[in-house]
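Below you will find the structure I want to go over with you.
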Amino acid sequence: MTTVDARPPAAARRQGGASPRLSRLPFPVRLLARMAFTLLGLLTLLFFLVRLKGDPAGVLAGPSATPDQLDAIRAAYGLDRPLFVQYLEFLGDTARLDFGESILSGEAALGSVLGALPATLLLIAITMIVSVVVGVPAGLALHHGPRFVRAPLGGLLTLAQAVPTFVIGVGLISLLAVQLGLLPAFGSGTVESLVMPTITLALFPIARTARMIDAELDLVDEQDFLRTAAAKGASRRRVVWRHALPNAFPAVTAALVVELSYLISGAVVVEVLYAYDGIGKRLVDAIFARDYPVVQAAVFVIGVVVVLVNVFGDALLRVLDPRTGRAAA
Amino acid sequence: MRTPDLRFWTPVTVLAVVVTACLLGPALVDADPIAQDLGNRLEAPTWLGGNGGLLGTDSFGRDLLARTLAGGRVSLAVGFGAATGAVVLGVLLGLLAGYRGGRLDRAIMTGADIWLAFPFLVLALAAVAVVGSDIPVLIALLTLGGWVLPTRVTRTVVHRLRGEDYVVAATGAGASDRYVVLKHLLPQVLPVTLVVWSFTVGTLVVIESSLSFLGLGVRPPTPSWGNLISDGTVYLETAWWIIAWPSIMIALTVLCANTLGTALRRRLSGAGLDPEVLS
Amino acid sequence: MSHTLVIDDLWIEAGTPERPQVLVRGASLTVPRGGVVGLVGESGSGKTVTCMSSLGLAGSGVRITRGSVRLLDTELVGADAATMSRVRGGVVGTVFQDPLSSLNPLQRIGTQIAEAIVLHRGGRAAQHRARVVELLASVGVPGPEQRMRAYPHELSGGLRQRVAIAIALANEPALLVADEPTTALDVTVQAQVLEVIRAATRSQERSALIVTHDFGLVAEIADRVAVMYAGQIVEEGPVDEIFDSPRHPYTRGLLASRPTLEPGRRRLAAMPGRPPAPGQWPDGCSFAARCASATPQCGEAPPVRTTPNGWSRCWLPAGPTLEVVR
């Protein structure tokens, strides 16, 4: 029944002074423990969030609920029982993937959210790819390029990091959709409908990635092993592409994983702006409709995605940089 | 002859001008940001041929210069206020974590890691769904959005300083924890904190405008740069100036905050404070 | 008989062209076929810069302004990138001081050794597996088939340096250049790595240029010694002669200042003063200020006094010399 709470880490946590023992557990177990812990924290947050304004029934039932409906909600959620009992029930429900029903549509909250997830994942995945494909060469150009390239490029990147996502988006719509009529200003499901959201979302990560590659290459440039490669007879190009750049990758990967949280936030805004039917748009729609069960489900699903990507990212880092074994927590 | 550090003074000056202009808004412009003038809707700015005042009017005929300045008051208040709150909270936690060390340190740092991994905007949206988005609430919320960086930075600095001889000597001479922290550690932490504050202002202004743009931050009719942009999105074709000014203001503010932060960081690294701490 | 390496009147400077800082002035040395030359001097004397610049490995701020470096029959000063790539790793193998930072932390050592081979013999890394194992065995790495899959941080300092030597020797170069090869190692490990270098230089086909501040190292493996001071080579000669009867007062001072285990405790003989920094070299002999035998004549640049097997840059007559006072 409890799929979320893995048993060994929970046991280790309950023992006093568990930390030293915790670090001796094998890495996959520790990772799972962190996952479970994070999701537990998120659920706890959601649990208390509803109760922040006093009567959770009002929040859960929606603003237009009649007193009868409120009572029904109270009964259904057991809101008159002790807090701790409610908490455990809540955890049990979420473990069974039961997030209640949408106030609007009546269907399962989780279901209506999961349906929109692939679209968002697609947007984020493509944006990540674009940010690497464009960002890495941009970073290289920033680092090794001639002066007349470096200065304007640097300025452009600074600007891209300062202007908020939605401002760029609005500008793009104005230019590409309204003025030039090249791309649809809203919608989802088609390839064209992905283009502008992707460009809008990707500008900031591209700038970040490029700057980071530049900075990493600065660090790596000092490294003696580049001199060794030259001493072996490697050409300058080979030294850069085969030795310098791969050594910048671990840092870039770590940054990409961190970037995910920006990408999700950005995706929410971008989806609303472009009426792109992803989980972000569902979340915002649900908030406007005061459909809290759906809000809860959406936040949880996003949480799971974040946790999974972090786990994957950690694993990838260990592959890319063999030194991460001892140093990592 | 020491040339003035332009990278520092330019953003400071621009920011000062922006803040002053917004604060003095009503004194500068005699138009009311909320008063509607439906006979004068969607007028272009005078220098573009319309008769909408300096910056044009919006779909309700409201003067955009007044609205932009008024919106700036709100956005900057939230941004600066929340940044300050976040930094205060962060420094406190960082001092605790860095000075006490041990399990408290580990707990705070793990909490920071987990918090950072999660997209804050999503949590903020969920919170707004429940508690609404009055301005004090927004400030409190955004404070929670920015506490991690100051905590981390403070903790790193304190960690490093804790082992320094003069700190150990002070404790050995009988100084209480509070004395050591206030007299020895805090002065060293403050300069770095300033850098963090700078960057945080930029970050939080963006988050606030994103929330307001979505309609879940500052609610109309109170203007904020974010909801001004959202108002203007519909009129992109016909009255592009509506979104232009608030967009420029946001970009300018964030640019200045970032540039200022970078300049401060550079100054500090000259004084021996490790800039790597702030990456 | 042609030498392996001939450095002739090399001038090296750093800094901007408007404000140059001369690091090396008129350095000349030869490495004969099959010979091992030790280049000794204090830090700042210019010995590393001379070595690295000759191979084009000195970094972007440093440039050769005058002189020639002839490796076998190739002139290296002013050579194009393709020539340098061919020469480096192929004709000359280099070993650096710190084996942890001079090996790529993200690549297995087998890959790094194989790369040296691939760059000059072509083919793919997998094809040279046998040769990699052979090289690792030749430098004394135990269990080479397994070790070649290790990452640098998994090996001890001594093993890492052996790997670096294997990389340098991968293509049977005619010249091995080593910059402080044992300085970064534990004392106990130094002797082992020294053995590896000695074995590598035993062959009459291979010459070596070892840069070091350690006279003991020089005594162990060098045939000839060149002493560098303040950007100049001040003495050169066979190692026995230099040790028994050094001509230049600086060399004498260096040898005399080595701690000894001989009975009869006496104070450690130290040379007063410090070497002049680049850019603050005096006219005339740069060692005059610290030299016990200085005369007014030393205000002029001293001539090169040759002996049957070497030379020194000093005003003192090159006849019978003072014994080193011990």
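In order of appearance the chains are A, B and C, and numbering begins at 1 in each one.
Definition applied: a residue touches a chain if its C-beta (ideal position, glycine included) is under 8 Å from a C-beta of that chain, and two chains touch if they have at least 3 such contacts.
Please read all numbers here as calculations on a predicted model, not as lab measurements.
Colleague: Chains touching chain A and chain B alike, please list them.
Modeller: none
Colleague: Please identify the chain with the largest separation between its CA centroid and the CA centroid of chain C.
Modeller: Taking each chain's C-alpha mean as its centre, the farthest from chain C is B.
Colleague: Sort the chain pairs by how many C-beta pairs are in contact and tell me the top one.
Modeller: Most contacting pair of chains: A-B.
Colleague: So, what's the distance in Å between the C-alpha centres of chain B and chain A?
Modeller: About 22 Å separates the centre of chain A from that of chain B.
Colleague: At what distance in angstrom does the C-alpha mean of chain C lie from that of chain A?
Modeller: Going by mean C-alpha positions, chain A sits 54 Å from chain C.
Colleague: Distance from the CA centroid of chain B to that of chain C, rounded to the nearest Å?
Modeller: Chain B and chain C have C-alpha centres separated by 57 Å.
Colleague: Note which residues of chain A are touching chain C in the complex, please.
Modeller: The contact residues of chain A facing chain C are 223-225, 227-236, 238, 243, 246-247, 250, 320-323.
Colleague: Which stretch or stretches of chain B touch chain A in the complex?
Modeller: Of all residues in chain B, those touching chain A are 103, 106, 114, 116-123, 125-131, 202, 206, 209-210, 213-216, 229, 233, 236-237, 240, 243, 247, 250-251, 254-255, 258-259, 279.
Colleague: Within the complex, which stretch of chain A touches chain B?
Modeller: These residues of chain A touch chain B: 19, 34, 37-38, 41-42, 45-46, 49-50, 52-53, 59, 158-159, 161-167, 170-171, 173-174, 178, 215, 258, 260-262, 264-265, 268-269, 272-273, 283-284, 286-288, 290, 292, 295-296, 298-299, 302-303, 306-307, 310.
Colleague: Looking at the complex, which residues from chain C come into contact with chain A?
Modeller: Interface residues on chain C, with respect to chain A: 55-57, 81, 85-90, 93-94, 96, 98, 101-106, 115-116, 119-120, 151, 153, 164, 167-168, 170.
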